[in-house]
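Same chain, two partners: chain A is paired with chain B first, then with chain C.
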Partner chain A sequence: MRVTTAAAGVGTLTALALLVAGCSSSPDSAAPGGDAAGACEPSGGAVELTFTTWIPGIEEVVDVWNAANPDIQVTVQTGPNGNGGTYQNFFNQLRAGNAPDLGQIEYDALPNFRVQDGLTDLGACEEVMAAQDLFVDWTWDQVSFGEEGHAYAVPQDAGPMALFYRQDLFEANGIPVPTTWAEYAAAAEQVRAAGGYITNFSQSDVNQFAGLVWQAGGTWFANDGEEWSVDLAGPESTQVAEYWQDLVDRDLVSSVPPWTSEWDNAYNTGAAWTWVSAVWGANSIASGAPDTAGAWAVAPMPQWEAGDAVAGNWGGSSTAVFRGTEHPYEAAKFALWLNTSDEALTLLNQGANLYPATTAGADLPALADGVEFYGGQAIYDVFAEASTQVPAGFTWGPTMTQVYADVSDGFKGAVSGRGTLLEALEAAQESTVSTLRSQSIPVAG
Partner chain B sequence: MTRTATPPPAPTFGARRRRVPVPHKRAIAFFVLPFGTLFALFYALPVGYAVWQSLLVVEREGTFGPAREVFGGLTQYAQVVQNGPFWASVGRVLLFGVVQVPVMLALALVFALLLDSPLLRGKRFFRLAFFVPYAVPGVVAAIMWGFLYSPRLSPFAAVTSRVDLLSADVVLWAIANVVTWVYVGYNMLIIYSSLLAIPTEVHEAARLDGAGQVRIAWSVKIPLVMPAIVLTTVFSIIGTLQLLAEPQVFRSFSSAVTSTFTPNLTVYSTSSVPNFHLAAAFSVVLAVATFVLSFTFLKLTQKKGVQ
Partner chain C sequence: MSAATRTRPAPASTRTAGGVRESPLSRAAAMLVMGVFTLYFLVPIWWLLVSATKDRGQFTSTNPLWFADMNLVENVSALLRYDGGIFVRWMGNSVAYTAGGAFLATLLAAMCGYALAKYRFLGREAVFNVVLGGVLVPATALALPLFLIFSQVNLTNTFWAVFLPSLVSPFGVYLTRIFAAASVPDELLEAARLDGSSEVRTFFTVSVRLMFPALVTVFLFQFVAIWNNFFLPLIMLRDEAVFPVTLGLYSWNTQVNQIPELRGYVLVGALLSIVPLIVTFLLLQRFWRNGLGAGAVK
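Moving on, here comes the complex of A and B:
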């Protein structure tokens, strides 16, 4: 009796598996080819679109659109648990075939979504292609993957980096504001002598490190159309890793886990004096360290060579139209308005400190004002300049979630004395290549 | 599974017949249907789907070519076998379980015996007080303990700034403490309810024979609640192998918790690559390991019972 029940159970499971297999294989085989740009025709009649994003206060911006466009109504959905949770949701929804029409995707995640065949090529949408010149060059590179006549999303904002520093503490201790990385290391010694840490090395948000490599002129991935190449431990990455390893070894930087209350506390109590961060970081400091209002200022990022003017980029996102939308034309139209109109860009900046990806965005009246938290400094002037100094051509890989997790695992060990930052990058180099292989993504090396 | 699926043979008196027709077949089918449907939809079907997914591999052409899923046999399982971090995480939770499960269940047993003994006052208060942590969602508990452990923000910063409870050597046991805190009351309640089911005559007989409370607990109560202890042990083994929420929360606090700290965290990280097929293979292996461990434990304890 028992044996037969068990056999029946196995039989049922097998039958179910086959049944499921039958269901699952159909949408995949029906998936459109990756390169062919689909049609981009108006649907005619009233259209309803869904848009999933985590940008705070974006509902107000969309309300403005909805009031002006009764025929294209957009509903905002909020993703769970910030960007990471939202991406996980997107991947699951794409697999299940019920993704929203539009989604918020950072530049570093776009290749991941494209390789999973999740994005609609907007190359056939004339209005989108005509808007190319409105955007800062490198942001357009990110959404077109450098391919002429294609666009897989519309750039929204950028994250040009600069140096946030405690002006009061630097002045009181007679420390000059560093303009090169060598000066920054020297200042780190003085800050440590004064009882603080010059900054906090980010052990788990690898994006900041990537921004530093970007500034140094490195790139982690390249795609020649035939295959990917991975270069996590190239000369520029090595230079940046060794620089920070030295500061970690000499206990000149702290290593509080980023985005925690401990981390906020380090800035709020004056334990950490600077942060090399992106434009949206202005918001993070103001909300995480409210007791230090008025004491901060922003200067250009330290340079590797004195006299250079190169900035890194950390973050920035795009509005993508997902595969499977029935209304690519209307979705693209909304995405363009959201990311190019003065009206929307001003609201996005006021609500979420987003810095526009358009060249004209730098001249928005809202960005010319002094910011109270930064002692009235017109901080966006610094970022406007940095925005034009970000090198083009930095390429993200198709499995960045895995790259970040693996590099971060190694960085965590390095700041607790197990291994080095460079070894972490070398280990991640290997695991990244094998992850690409396991996904049958052609890769060199 | 076998027990529920096999209808007990109807008692027969007199005539000895091999096969007895099952009466009320339709009624049985009717009553089993709701369970059967839900079981098939939300248990068997997802398990079958995971098994199927784990047998696929992805093929594509070009750097951005769309993925084609093809049957790959045991390719993903070969990957699982070669995956060092996964097996390291299995070793980690086994070590965790060997230490944490006995400690937690010993505490639960002691608390249950105390609640059941006539010596203790304020039983209702303690019963609730021990159980309350289980009512706190696991993630919230982990965040709360994360703050308590934090070197600078903890109310016990005098201790935590000297002994880093979130460092590589200690963090596993810091997590063990959280898990114990949450689940002691739950296990205590299962054992306690089993203690309540012991007829009072048994206690009285032991007392008349001159046994004290400790002796009664050791020689009468514990043997009688053994099935409950075995049950909680099996639950705990399963829970240990499936640790996810606590280490996931601690990842943001501690530099010692990596993305492959426990097997389930490895599954989660793999599925967010997204590499659903390898994640499915990890899950299947983990499920099989859990079954094997649980049933081995059951078999061992059953043999003991026979002796």
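Moving on, here comes the complex of A and C:
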């Protein structure tokens, strides 16, 4: 599941709450790394677990588990999505000592929970460590933070990226489907000449941009076990920023903000022709642009070097076991079943459109069929391929909400002619370092 | 804003006594300002009403301020059926939180304000000043401390977690105290006492009636405050079955990107969720106005 832009109203409210909370207590351990894995023994007897998630229809999936496991009964709790308030609730609950046993956390929010010491290290749970090979490498990398023998959550779903495009319009105008970013820019000129925009530049949802940087092989953060380093404006980010700056400057991409009805309408009326997006985007187009059914197709993401095969990732979440649970073994067992068993993955895919993080998940029968909206193309084959092509090693930071807000502020300015995308990243680099410092999180540079 | 200030006779007397007629120009300017504000407040509701009647395709593709095909009935019935009728449950919860909370809050505020106005006791002004201080603290700032307190007694994620905090209305105490001081004559209480009525009986049979307009005001304010309360439920509740409608709609709204059909449900749900507020206002407005008049004649 992906991060959505946090609702501004709640943002200010939670900021206020944070302020209040800040007076009463502060996180005990600011630096991650090196904590010993706790014990992971069966509790014996009947166990009741609580699981907080905002996946729609999750109750049905959990019912299947409860029916088969009378000794481990799971109760679902729900709420708005993570940035919409549930993460803040998790932190409040951790502070009050009544956090649920399990919770859904997106990959980009995991470091924040890790830094605030909110997660149980599942490294001691043999079943979990044995399951490592079931998951696509990079998803495991996201939950282990690259540390051998540790796992701070179980990967749930992934958002491998590809290129959605209007097959009919590309064909009618004789434009070849771009396979490299250079071809994509050339196609953008032709699309503009034909009266459309090849896509919009996502000024307000920075996650898409992060996915593009991810594809280019960059990373925004790193942690060597001692301190964090921030690299928002590294060479790869610079490359991606300059590429899109050029398209913005030449008016080859529109500035319609994503997830608005205006944006839906651009796709629905054929004003926008492509979208570089994640697997869950298939649903967004299908419902936002119902009049264009059958006219879309999916191709692999354009590459920086011709002949390469690298994909980015946008979104995805994990199932974490919170610190303070009395039943880490049972919680881990449930998390594994939820995210690796065929029956759970199939239900999650049908009910909530989740794309599994396991290698075997890509072969689910539910993902094999052609999709009518995409002219019958078996689009999930493209994403299955893409999922294995996402580079490992992209690391999120502990203050992503602030990073997204700062980058997006800069991007909005750049799109309306104030500054450039690169300058926005450089400014966010500085503000991120100072935010980390102000939270007493050790940071280099 | 408050009934108490409006019931002062001063504005009425200046109007009858003052011979200055406003010039047509300034009257037109006043009308213009009011017209602009009316538009400002009504256009979003109009937009909501219009949007709620459209199906998903037309929502993005047609004029946002005018009707396309009428789909209101289909939209409403789809909303009521979605996810096992959870929306109906949320509305029910909201009504329970709101009606019960507003009624009890009004009663408590009335007793408190009346006692502060009519009885002399040590520390009266101190108590009143503390209550006044409570008016200044936004409810939002109290949500997290409340959560931590309720966590200690294991009451989070229950009906009571939202219900109990809504029973307190510092503003209500303030208003009822002012109103009780102005509209309940000491002579009347004296007479009741001489006739052998107990203090509690006097309060319910005599004073409450005299304070009724203020109580309606307090009830309305509290009703709106609880109905629109969002942050406290957001922090307290995890179980969908006890969500009020505000939190439920918000939760849906955060998932619109993932499940786009929710956008329509959020719109129709928002429209339905303001209906009880409108109904309550229309029903209670009458008492309110009566009260204003009664105060003016006295």
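Quick note on the criterion: the second predicted complex is superposed on the first by the 407 of 445 C-alpha atoms of A that agree within 3 Å, B and C clash if a C-alpha of one lies under 4 Å from a C-alpha of the other, contacts with A are read in each partner's own complex, and residues count from 1 in each chain.
In this text, contacts are C-beta pairs under 8 Å (C-beta built on N, C-alpha and C of every residue); 3 or more make two chains touch, one makes a residue touch a chain.
The model shown is predicted, which means the values in this text are computed figures rather than measured ones.
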Which superposed partner A:A222 touches (first chain B, second chain C, both, neither): neither
Partner chain(s) touched by A:V415 [first = chain B, second = chain C, both, neither]: first
Contacts of A:A186 with chain B and chain C, given as first, second, both or neither: neither
Touched partner set for A:S204, first chain B, second chain C, both or neither: first
First (chain B), second (chain C), both or neither touched by A:W54: second
Partner chain in contact with A:D291 - chain B first, chain C second, else both or neither: second
Residues of chain A touched, compared between chain B and chain C (which is higher): B
Partner chain in contact with A:Y87 - chain B first, chain C second, else both or neither: first
Partner chain in contact with A:N283 - chain B first, chain C second, else both or neither: second
Which superposed partner A:G97 touches (first chain B, second chain C, both, neither): second
Residues of chain A that lie at the interface with chain B and also at the interface with chain C: 1-2, 13, 16-17, 20-21, 24, 84, 88, 95, 259, 261-262, 265
Contact set on chain C toward chain A in their complex: 56-57, 59-61, 83, 140-141, 143-145, 147-148, 151-152, 154, 156-157, 231, 234-235, 237-240, 247, 250-251, 253-261
List of chain B residues in touch with chain A within their complex: 1-2, 5-6, 40, 44-45, 47-49, 51-52, 57-60, 62-69, 79, 147, 150-153, 167-168, 251-260, 269, 271-276, 278
List of chain A residues in touch with chain C within their complex: 1-2, 4, 7, 10, 13, 16-17, 20-21, 24, 52, 54, 56, 77-81, 83-85, 88-89, 92-93, 95-98, 100, 259, 261-262, 264-265, 268-269, 280, 283-284, 287-288, 290-291, 352-353
Residue numbers on chain A that touch chain B, as the complex places them: 1-2, 5-6, 8-9, 12-14, 16-21, 24-25, 28-29, 31-35, 84, 87-88, 91, 95, 111, 114-117, 145, 203-204, 223, 225-228, 255, 257, 259-262, 265-266, 398-399, 401-402, 405-406, 408-409, 412-413, 415-416, 418, 435, 438-442
